[in-house]
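Step one of this worksheet: look at the structure below.
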Amino acid sequence: MIEITIPKLGLTMERAKLGRWEFSSGDAVKEGETILVIETDKVSFDMPAPSDGIIHPIVPEGITCAVEEIVGYLAKNREEYERIIEEHPFGEAEGTEKVETSQAGAVSQAGQPATMPPSSVGPKGRIKASPLARSMAATNNLALSAIAGSGPGGRVVRIDILRVLEEAPAIAGERVERPPQEISKGIAIKEISESIPIQGVRRVILDNMHQSLSQSAQLSLHTEACAEPLIALRERFSRDGEKVSFNAILVKISAMALRLHPRINASVEGDNIRVWRQVHIGVAMEANDALIVPVVRNPDIKTIREIDHEILELIQKTRENKLSLDDLANGTFTISNLGFADIDFFTPIIRPPESAILGVGRIIKKPSVRNDHVIPEARIGLSLTFDHRIIDGAPGARFLKTIKEMVEDPLLMIS
Amino acid sequence: MKTSKKEKLSLFKKMLTVRAFEQKAGELFQQNLIPGFIHLSIGQEASSIGTCSVLRTDDYVASTHRGHGHMIGKGADPRMMFAELFGKTTGYCKGKGGSMHIADFSVGILGANGVVGGGFPIMIGAGLSIKLRKTDQVGVVFFGDGAANRGTFHEACNMAAILKLPIIFLCENNLYASTTPSEYTLAGGSVAGRAGGYGIPGHAVDGNDILEVRNVVEKAVARARKGKGPSIVENMTYRYRGHFEGDPQKYRSTDEIDTHRKTSDPIERFKKHLQKEGILTTELEDKIKKDVTKLIGEAVQFGQDAPLPRPEDALEDLFVNP
Amino acid sequence: MSNREISCSTALREALEEEMERDDTIFIIGEDLVAHGGIFGQFEGLPERFPGRVIDSPISETCIVGSGVGAALTGMRPIVDMHFADFVTTGMDEIANQMAKIRYMFGGQAKVPMVLWAPDGGGLSAAAQHSQSLESWFVHIPGLKVVAPSEPSDVKGLIKAAIRDDDPVIFFQHKRLFAQTGHVPEDEYIIPIGSAAVKRPGKDITILTYSRMTYLCLEAAEQLAKEEIDVEIVDLRTLKPLDFALIAESVKKTYNVLIVHEACLTGGFGGEIAARIGEELFDYLDAPVMRIGAKDVPIPFSPVMEDFVLPKVSDVVEGVKKVLNR
């Protein structure tokens, strides 16, 4: 018997929410298969089975648990499994903190017809359905949880989908169709099209952003730099057609600029301004509909190519949901690049306890005046938001100017 | 059988070619330029060249893992052989076979075989085919003293004898089955001696004397062509290299190898014969050696220059009609 | 057009006679062929009709198979008779390492147009060493084609295709079906290797089967029809190359699959088909693919035990109901 416990995913992690069980009690799992999704305030993490076995969860989804807390068991064989379910019934874990108990929102978003109890939904919210039924439900925009399964063990099968489509076309219609536009022209009321629960990472983002603006005094400055040297630098670094990213270069530039302006690399802690010895720069990324900011460690002492590799690894981890808390913790500065969306300038919001953030705009050719001649030149927009409580306008501006100068003459990085 | 001066010189050159081919292959293997493993027949050239020299192009040969000599003797092109050893697409098997599976059906080579004793049953089929097609071809199945202990040998001897198939069972007894002495593995001590049990002729031959090999094989071939059935010929010989390249050879001493090399090297013996007969002058020998070095050099170059197969070529050549 | 019905044995003999007449590179080699016409009398009349081309071999399976390989490499089209499919073990190197691989390892220089005819299957109280269904061994070896027909017309059409094919074909013919009769057209025809056939159309479930089990499944389908379960039966006929297009067509129609073979279940060919359906047709499945095969023991001698071990009509009926949750 193996105890399934909440893993410590980073140095700073203390608790995590049990997001979703991928298996029901009694299911056989293979070593390495994801059995459980854990959500922390920063990431969600797919937890692999430590070995082959038969799984028995004891803590329901949605519960927040302490690190190392037992949330289920993995039995070696059937006999052991039978013994475990005797001794540890579902939902009876000791010491469970009931922080978030409502999980109704996750199961179904639309009203369920009262005549059809969702018998196919297991105690853990996993729905048994045949592959065919699943694909039919997807095609017809039906929530499987709303359909009673008539197959073995309550499995939703083809005939069940057919019955729903036949008997209750209204259910299907209601969930799928948005109200036709013609009607809305005259209509005065507003109708809910979709209701998305604010939870998990979204809840964290919402709280952090609000906290940031309400607890600091943010000032944004904008400037524009000639991007030609940046482009040339990137070309020179390309190897076998593999180019380093602009972000990698900008992380390096920011790190070197922070070295010259150490007071920007600081946080407010109580009555002190803590100036950090290390530079750790977060790079804002989009992941699964949410903002996530993994951190590049010590870019001031790394090569641009090393930084590029590190960013690529972090992107990969972000995509695969494999970021650990350590990948996210202890940033001292952040870069957010919205150039991909044709943004020139914006006012990024600081990620507390950091005190500054660089917003990077697009690189685009613009008319530029050189020696009284108008010439086409690639330009890049740079925005800096900083905490005016501890950084005055002039030092903040000088910092941005340093960045601009390094963009225009990267040699300055080694000055 | 009579062997003309011209034929003798040609035999000498072919023996040198086989030796040069294998020495070069061994070198390239040690330099890690040839993948896999290779089995060399250095020291057995009188057997391979002598035997093949009495065969026609349309006669069949089934070879073994130690088959480079049989290939060259039967007329295979060293360039395509090297290309195959390098795993190149212009090799005999387009890089799918390697040293152990070289074949050239255009000169009657039904393939080297990675299974010890794998050639016997195939040669039975070729013999049957000759008989059914009513031609006067013959087939030679080469094998070592080790293969003489496989069931395939006995089944094939029996079947060839009762069906009077035109086959020569050509044993190259080099005293070791892989790493085990045939003294230990071979009951009765003689492969040729087993012929009596099948009611067919069996000849034990000094396999390092190429003229003797030719004489005896020629007799067996003539008998087979006349439809009188199979024979066993056992060429007593010796290999200087290990079972495979890299074989530590714990089973024999370097003294033993040196003694064989000094006293009965097939090339040296034939050279002495040629010199005694006044056929081979020093100038002629130099010229032949130069020709052989050039031939092998070009073959290696051809193999090295040849293109590698595309990885997906691995999916070709399985079926005629996939 | 006649409606003549002949047995599988006769169909085989007829095909061989027609082919040997047409092509004089074809010969048959095996044990007990000339005087006996084959151990099951399957080649009766052929030795007299084609003197010298039906060849008795000593009991030397290694050489029987090997002689086919060598002759095929040198211009002939041999048919080698395995006596009993079980005896492939005694010629296995020649099958697995030579016959299957020679063309490939010699880079396509040669071809091996031969047929290995192997009577297989149980149900005759022939016990463990004369009753096996070993097809899955051979589908696992690249370089071989594997055929296992059921009805007489398929036997005739497929053995002709196998003889004319330039690649080695293992032709399994079920011993219990030798006497099975069925309509066989009198006109010349060939059934291409690699084509399955729907032997009974239906809409509720697809049974994938071959060889003798086809008849068993047809019987089960009749019983199930009384319970308003409409079974489609696909006779694979060739196992390699597999006619997956027809399988897919049927599964996309019925959404449910049962695989039935006489070979024992574990490691049987059914597992391969099930996996492939899982990979390629997952979204069309309304229930797990199920398999029926013999129990995982050697075939026992005593009829009561043999019946217990081999799949029965009732097993198929139950299997269908289990898939359909009925």
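We just call them A, B and C in the order they show up, numbering each chain from 1.
Quick note on the criterion: a residue touches a chain if its C-beta (ideal position, glycine included) is under 8 Å from a C-beta of that chain, and two chains touch if they have at least 3 such contacts.
Given the structure is predicted, the values throughout are model-derived calculations rather than measurements.
With chains reduced to the mean position of their C-alpha atoms, the one farthest from subunit A is B.
For the interfaces B-C and A-C, the C-beta contact count is higher for B-C. Distance from the subunit A centre to the subunit B centre is 69 Å, each centre being the mean of its Cα atoms.
Subunit B and subunit C have Cα centroids lying 41 Å from one another.
Mean C-alpha position of subunit A lies 56 Å from that of subunit C. Interface residues of subunit A facing subunit C in the complex, by the touch rule stated above, are 130-135, 150-152, 157-158. For subunit C in complex with subunit A, the residues that touch the partner chain are 255, 282-287, 325. On the subunit B side of its complex with subunit C, the touching residues are 60, 62, 91-97, 101, 103-105, 110-111, 113-115, 118, 120-130, 132-133, 151-152, 155-156, 158-159, 162-163, 316-322. Taken in their complex, subunit C has these residues touching subunit B: 25, 27, 29, 52-53, 55, 57-58, 60, 62-63, 65-76, 78, 93-94, 97-98, 102-111, 113, 142-143, 145, 165-167, 241.
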